[in-house]
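Written below as structure tokens is the structure these notes are about.
We just call them A, B, C, D, E and F in the order they show up, numbering each chain from 1.
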Amino acid sequence: MFYHVKELQFNARVSKPDPKFARLLLEQFGGSNGELKAAMQYFVQAFSCKNPYPDKYDLLMDIATEEFSHLEIVGATIQMLLSGVNGELKNAAEESEIMQLLGGQAAKEGFIHEAMVNPHFGVLTGGGPALTDSNGIPWTAAYVTANGDLTVDLRSNIASESRAKIVYEYLMKFTDDPYVKDTLSFLMTREIAHYQMFEAALNTIQPNFPPGVLQGEPRYSNLYYNMSTGMDARGPWNDGTSTQLGETWQFIEDPLEHVMSSNGLVDLKPTGTDRTAAKVAKLDKSMSQIRSEEVKSATQEIDMQSSTYTKDGGIIEEPKKKK
Amino acid sequence: MFYHVKELQFNARVSKPDPKFARLLLEQFGGSNGELKAAMQYFVQAFSCKNPYPDKYDLLMDIATEEFSHLEIVGATIQMLLSGVNGELKNAAEESEIMQLLGGQAAKEGFIHEAMVNPHFGVLTGGGPALTDSNGIPWTAAYVTANGDLTVDLRSNIASESRAKIVYEYLMKFTDDPYVKDTLSFLMTREIAHYQMFEAALNTIQPNFPPGVLQGEPRYSNLYYNMSTGMDARGPWNDGTSTQLGETWQFIEDPLEHVMSSNGLVDLKPTGTDRTAAKVAKLDKSMSQIRSEEVKSATQEIDMQSSTYTKDGGIIEEPKKKK
Amino acid sequence: MFYHVKELQFNARVSKPDPKFARLLLEQFGGSNGELKAAMQYFVQAFSCKNPYPDKYDLLMDIATEEFSHLEIVGATIQMLLSGVNGELKNAAEESEIMQLLGGQAAKEGFIHEAMVNPHFGVLTGGGPALTDSNGIPWTAAYVTANGDLTVDLRSNIASESRAKIVYEYLMKFTDDPYVKDTLSFLMTREIAHYQMFEAALNTIQPNFPPGVLQGEPRYSNLYYNMSTGMDARGPWNDGTSTQLGETWQFIEDPLEHVMSSNGLVDLKPTGTDRTAAKVAKLDKSMSQIRSEEVKSATQEIDMQSSTYTKDGGIIEEPKKKK
Amino acid sequence: MFYHVKELQFNARVSKPDPKFARLLLEQFGGSNGELKAAMQYFVQAFSCKNPYPDKYDLLMDIATEEFSHLEIVGATIQMLLSGVNGELKNAAEESEIMQLLGGQAAKEGFIHEAMVNPHFGVLTGGGPALTDSNGIPWTAAYVTANGDLTVDLRSNIASESRAKIVYEYLMKFTDDPYVKDTLSFLMTREIAHYQMFEAALNTIQPNFPPGVLQGEPRYSNLYYNMSTGMDARGPWNDGTSTQLGETWQFIEDPLEHVMSSNGLVDLKPTGTDRTAAKVAKLDKSMSQIRSEEVKSATQEIDMQSSTYTKDGGIIEEPKKKK
Amino acid sequence: MFYHVKELQFNARVSKPDPKFARLLLEQFGGSNGELKAAMQYFVQAFSCKNPYPDKYDLLMDIATEEFSHLEIVGATIQMLLSGVNGELKNAAEESEIMQLLGGQAAKEGFIHEAMVNPHFGVLTGGGPALTDSNGIPWTAAYVTANGDLTVDLRSNIASESRAKIVYEYLMKFTDDPYVKDTLSFLMTREIAHYQMFEAALNTIQPNFPPGVLQGEPRYSNLYYNMSTGMDARGPWNDGTSTQLGETWQFIEDPLEHVMSSNGLVDLKPTGTDRTAAKVAKLDKSMSQIRSEEVKSATQEIDMQSSTYTKDGGIIEEPKKKK
Amino acid sequence: MFYHVKELQFNARVSKPDPKFARLLLEQFGGSNGELKAAMQYFVQAFSCKNPYPDKYDLLMDIATEEFSHLEIVGATIQMLLSGVNGELKNAAEESEIMQLLGGQAAKEGFIHEAMVNPHFGVLTGGGPALTDSNGIPWTAAYVTANGDLTVDLRSNIASESRAKIVYEYLMKFTDDPYVKDTLSFLMTREIAHYQMFEAALNTIQPNFPPGVLQGEPRYSNLYYNMSTGMDARGPWNDGTSTQLGETWQFIEDPLEHVMSSNGLVDLKPTGTDRTAAKVAKLDKSMSQIRSEEVKSATQEIDMQSSTYTKDGGIIEEPKKKK
């Protein structure tokens, strides 16, 4: 259950209206790396670990709830940056006086120009925030990734926090309102904090590589295909040993020859690794058992209940038992 | 600022897994009339009335926060309905034993068939909810309407609650799990409650018709165009007086003749109304003044602050004053 | 079947080209509350009431057809506002002369700037309207709501007309072309007229609350949850009796305590209402019978035909009879 | 202006309900090649040729209006195929009796299964059509192409009619209802008729190749790059003369060598063509003049009017003259 | 398998940065008629003709691969046009010095203004291309059409090339950088070349009209419905004989009368054609046999393999044989 | 420039058609974590590092090109899994014989049922792959993240590879075709290899935390807000020192009290860290200089060229020099 208190988590202030920056800031309200994306991503991920991993559930809900609170900060800042637009629009009948006040046609043009910054502010939202990015693209759940595996989801979150951080960094180049900068700085810093929280949580799960349960095929896990020719570079990503499995990178200079000579790779033998098909199969089996058991042991299959309320009471009919 | 407590607002329970119904229930999780849509709609609308209409702001945030809490209930129910899927997927290596247990090829087919109910459960979310509707369409902010005018927004909300209500009503036809029915009944009833709250709030704003500020043109406001011919029907929508303005409906039997004879309507004279261009202009002007003043008087234009914290402190540089 | 006559329903005129306003006006061509949305919404809703409610079918098709005619007016106006762009683009080879005529680089910049107003006009549509909103977002059927229940659909339509009205009101602030204002005024006024038509139609359906068939649970229908704390407000939406059911609002000051003490609400007893579970069940049953009968009695299940043509003739094979 | 008559353009009939085929048929209601796409495409294209090419405007509006009428036929057929669903959903309270009637749990499963065919029919539209494709994807204006040039738009239409035709052909494999087949056959045949209309219209515009105004660069217009190696094929598309310009195809066996030896193509000389830069420039210039003049001569730049109504009358203020 | 060489197919150059034109050019990077659309369309179409029509497969993959190479050219050009933006954004701390250099507040405004050209460049992509159109709309596969029938797909491609050509033509009006114009001219010309390749390929398939397999109904294939009245035009699209079937156009002056008098068309007799139901049925049958056989004879149904590698080797378990 | 060879990178084989698994496999063709997403993400990221970081450009293009090759493998596999569908659809006239062959109505139902697996296969793509996910949702560039900063982009890629890996892992549970499993195993393993390549590349950039240029505010970087109460958990993410900055986590038990007492956080003093505002400012400055210089020094601002061709030649007009 969620609660709301009317004070913001941060004392967001604005020196004066700035509809242009309001448009840019939409990127963190309804944009692909914005606060709603973060909040919804952690919120959705949390459901599948509530029972098997209650500590990670707590972590995800703590951060999800903070991101909702940040969404509110961003929205309130946009509203302040648009101060005056709504009142002006309500003055629906008074065109001629505006014209006089503003100095005629040129001023009118200017007024329109301001609104053009984001037409939605002028003709759709009436001078308030909208759940879109800085180009007016409606927020979509296509931004959210939740794959039901913590070794994957936590990595998705580390990357998401990185992207949210850089967008705040970019945004700071486009305002010189010190109040707004303070708010952006707070929000940017929190992404750095969350990054480290997710990283620490990932470290507590061992082994966490490869993500998920299954190991990779030893024949294919250390090949580097030189698919783009010209100005080829060598570095620790195709030379030496790989970061996690510690295998020796095999640099395939000529991928076509390699593929043709190995009958489409199916005749390849493992090289540069001491992992074998047998070892992999054994590891797959034991990891499957562990991970599957973690979930199954924590999950009921009949008469499930999500909260800790007493089980009985309140029901009108008797539940059907599982056959 | 938002808070979260781990108990649900309603004691959601499930008798046994039902992935098919989980798919249907997605309609209220990430669907066009679902809980996220409602929560985000009221949350976004709230920004523009925080200062001028703090009582409506309170109402919108009370209900928005409850809808977030309902989103959590729906998600938790979907998770329970999918119980077992995630554990099974984690058992990544053990295909052959499953085959034995389930009774061979046919059972495998059945297992696949269950998953087909919504492929995302099987191959994307790992057996958890996704922010999509029942067909897997990602949630989009295109569902959300917020137009910066309470006489419009509250009507949008009344309609939104009506749609959410009927979807819960439809959903109840597709489950016979008494626990799930109880939860659906609670959620459906809350839409009925919210409907009446928004209606009461709308009634406190007078006049509230037409929505917004401007009156309609008296020449065009009581015309009924018979654009679809054959089996024409008459009723209070084209016969007698109109519901709000009390004008006499003018039934235009032959729209083409009407339009051609009035020079594309521009030569039309008002009939069936005692509203006049002069009255309308006067009303437009006074309404503009009132509504515009309500907003402007409540909205600062420099050194704005969204919360009630003390104004000074914390800022590194001096804010630029508005010129 | 639809017909078209080449004269517009309204004598739409434009004083001079204005590509900036053309961009804004797209909001009512392919935008979320525009004419296409309205036309398609009523058109789609109409199918399910053709047989059971022919009078409402007539109403929906009359207005849907008028909205198509308005879509045409808006499109024609955008085309006129873009006058000159298409011809200029066709002059594909003559760059240098344009440069001379317009006065060199600065003019070129200006020309580009005009086009920037909406890049689509310049590089995609060749100077014509596009089915997008003012930010270029393609129209999506996600804007359309049709739920197969008139007490819901008519409320959706009342809200849709309200939103369309306010967008026209906003638009009028951004043009001072008197011809365009006249057209906008006509279109805005028609939304006011349609609003009252839908309201009158809803009033003829009794009872129409709650929307749909099922009543709400008496235990949950009059609770007001104070989910957002600080600056709490009281009003007819949480104090006194509810607008439709006439129950006494129960203001839940502390939702957490309320939920915990009632075992997640399932142990709650109804208060502030004389509705009971028994009465509700009875009403649900009778309403189900009435509404279901209305539809079933008007709907054939074999050898259906949508028009009033004679039944036989024209078919090559014999239809299979329903078993 | 549009009109509607309640009789369909074709006597659409259905032998018995078939929710599965109703789902498939959605492809032509709200799908990427469906009737709405066709109707909207021609309707939007029509605006830009109303003045300069009134004969093509007439053609486009004739077909657009017919496609709207076909959209209605498809929707009415879907509604008939879903006959019974809406009435059943209205019977909201009567679960137990349905269970008895249908024969218990198994029948219930069956009922749910039918609904699963498209969850939207069961839980969103209440048993009516939706503006989506067969997978429930909302219709989007991204399907519509209108580029403000008839030599392009007519080709787009020829292709659109081809796609619509094949989808009807595919659909016929999935029903054996002779009534439905008759309707599909009518609709499919109309696409064949429209195809030929657009082709005839394109032929009246001469020259119409290349589409648009500008000629292609003689150095690059007859090169065939063999970018995909292995099993290379030769045919009239890379051997002999090109279809429209009559140039000799230059087959570039080894694109990399060709590009490197020509300094990234910029040092290439034209071969296999008698077109020259000078001829192209001349043609570009004359075509620009012709096409640009066609549009400009037909388009006013002040006091524009879309219909043939008398110019004066009805306006409240004097229009601003163009400076 | 794809390869990449780091040299571009064309020596793309840019005289100086131009973020405004970079925005426009996005239309051909991630826009509806851009290079990605073309590449993906031909790539996806190619799968279904690899076995039955290897020559067309070769053609499609040759062009698809060239379009990928063009996508790279467009992206590289956008990157050059945005030169400086990324470096400036990296200079994240140095606001004050920028202010000095650029001359204070006005320059800052200018800098912001430049960025406003497309907010994504400033706050999302860090000064690089994005897979969107010129309005920031993300590329969507809704642009791609692939219908599994070459007589349809090749027509779709002819139209796609036409649209891509006109967009390049329009773009050339908005830059006067001779390097950029050269690149655009190359890319535009290639669309003209591809157009003729697809046309030649379509001509090798005979008969190719109607697209697909089935013939049209003789009763409906030559009717022209005058659905839009006023300023009616006659031309070879409704007068004389049709382009492909050579039937005589039947101009239906009054469609309503025509439909009503023919019992919703089902009582119509064929006129103006010597095609008959019997001939059509025979042709349908023979075409079905031919086209179906072409595909079936080229497609294995067990132990399929996509490449020409030797069949055995590499597999761990024995494949299950088809029953 | 891209090349294509017709042999696949892996010898993909299929035992027998399986349209159901074809639908599931679409998730890696046109789905949110599929091969197209990966290919396009690395391809788009590559543009901005071509000049400043040619080694990372090589890495990104090597992997992007391999992912395109994987996209081809997935598409070819889907095509084989759908073997027979296209041929059957081409047999457009022969319904009755199919009925006989398949055994009448039941078989027809079965055939339809198979198609229902994904309606697009039956009625849109003609039995080929489509650029959608397993629910038919068109691929969208909203899946792609490219933010113009390698420390961010490489982390996005590590997460993307993790998600792609788990989707392949899930997919393997839904097929028992050993050929298909082999292909899936190869593809899954390559994600593991790519993961380690990106990780190694990230490690060569030092410092790489925080991502981007700017450091976080010392006052806010180590706070952990306990926003979700009940069943609170402690772990290395809120207890002890943070993973990267080595600060001491400050667990904020009661966020509301914390925020209110610090005047909305602006009066907070740093604790648990030895980072100071001064140190941060200095670091921000030096990092800005380094990162900005890396880009600027590698990027020309006039007469830019993307390839290594000789600079002169081929241009028709003289380029305008930068002023």
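To be clear about the criterion, a residue touches a chain if its C-beta (ideal position, glycine included) is under 8 Å from a C-beta of that chain, and two chains touch if they have at least 3 such contacts.
Remember, predicted model here, so these are calculated numbers, not experimental data.
Q: Keeping to the contact definition above, tell me which chains border both chain D and chain F.
A: B, E
Q: I want to confirm something about chain A and chain B. Since they are copies of the same sequence, is their interface symmetric in residue numbering (over half shared, so same) or not (under half, so different)?
A: Looking at both copies, the contact residues mostly coincide.
Q: I'd like to know which pair from A-B, B-F or C-D copies the D-F interface, where a copy means over half of the contact pairs are the same by residue number.
A: Of the listed options, the interface copy of D-F is B-F.
Q: Report the chain whose mean Cα position is at the greatest distance from that of chain C.
A: That would be chain F.
Q: State, to the nearest whole Å, the distance from the C-alpha centre of chain D to the C-alpha centre of chain E.
A: Using C-alpha averages as centres, the distance is 12 Å.
Q: Measuring centre to centre with CA averages, how many angstrom lie between chain A and chain D?
A: 36
Q: Need the CA-centroid distance for the pair chain A / chain E, whole Å please.
A: Between these chains, centre-to-centre, one finds 32 Å.
Q: Can you list the chain C residues in contact with two or more other chains?
A: In chain C, residues 1-9, 11-12, 32-33, 58, 61-62, 64-65, 69, 88-89, 92, 124, 126, 132, 135-138, 140, 142, 147, 149, 166-167, 169, 172, 176, 182, 212-214, 227-228, 231, 255-256, 259, 263-266, 307, 309, 314-316 touch at least two other chains, as defined above.
Q: Which pairs of chains touch each other?
A: Listed by label, chains in contact pair as A-B, A-C, A-E, A-F, B-C, B-D, B-F, C-D, C-E, D-E, D-F, E-F.
Q: What residues of chain F sit close enough to touch chain B in their complex?
A: Against chain B, the touching part of chain F is residues 20-21, 23-24, 27, 31-33, 117, 133-137, 166-167, 169-174, 176, 227-231, 255-256, 259, 263-268.
Q: For chain C, which residues count as touching chain B in their complex?
A: Residues 5, 7-12, 32-33, 54-55, 57-59, 61-66, 69, 140, 142-143, 145, 147, 149, 151-152, 155-156, 158-160, 162-163, 165-167, 169, 172, 182, 185-186, 188-190, 192-193, 195-201, 203-204, 210-214, 216-217, 219-228, 231-233, 235-238, 242-245, 255-256, 259-260, 263-266.
Q: Per the contact definition, I'd like the list of chain D residues that touch chain C in the complex.
A: Spelled out, the residues of chain D in touch with chain C are 1-9, 11-17, 30, 36, 40, 43-45, 47-48, 50, 58, 61-62, 64-65, 68-69, 72-73, 75-80, 83-84, 86-94, 124-132, 138-142, 144, 146-149, 176-179, 181-182, 212-214, 281, 284-285, 287-289, 291-292, 294-296, 299-309, 311, 314-322.
Q: Can you name the residues of chain E that touch chain A in the complex?
A: Residue positions touching the partner: 1-7, 88-89, 92, 95, 99, 108, 112, 115-116, 118-120, 122-124, 126, 132, 135-138, 307, 309-310, 313-315.
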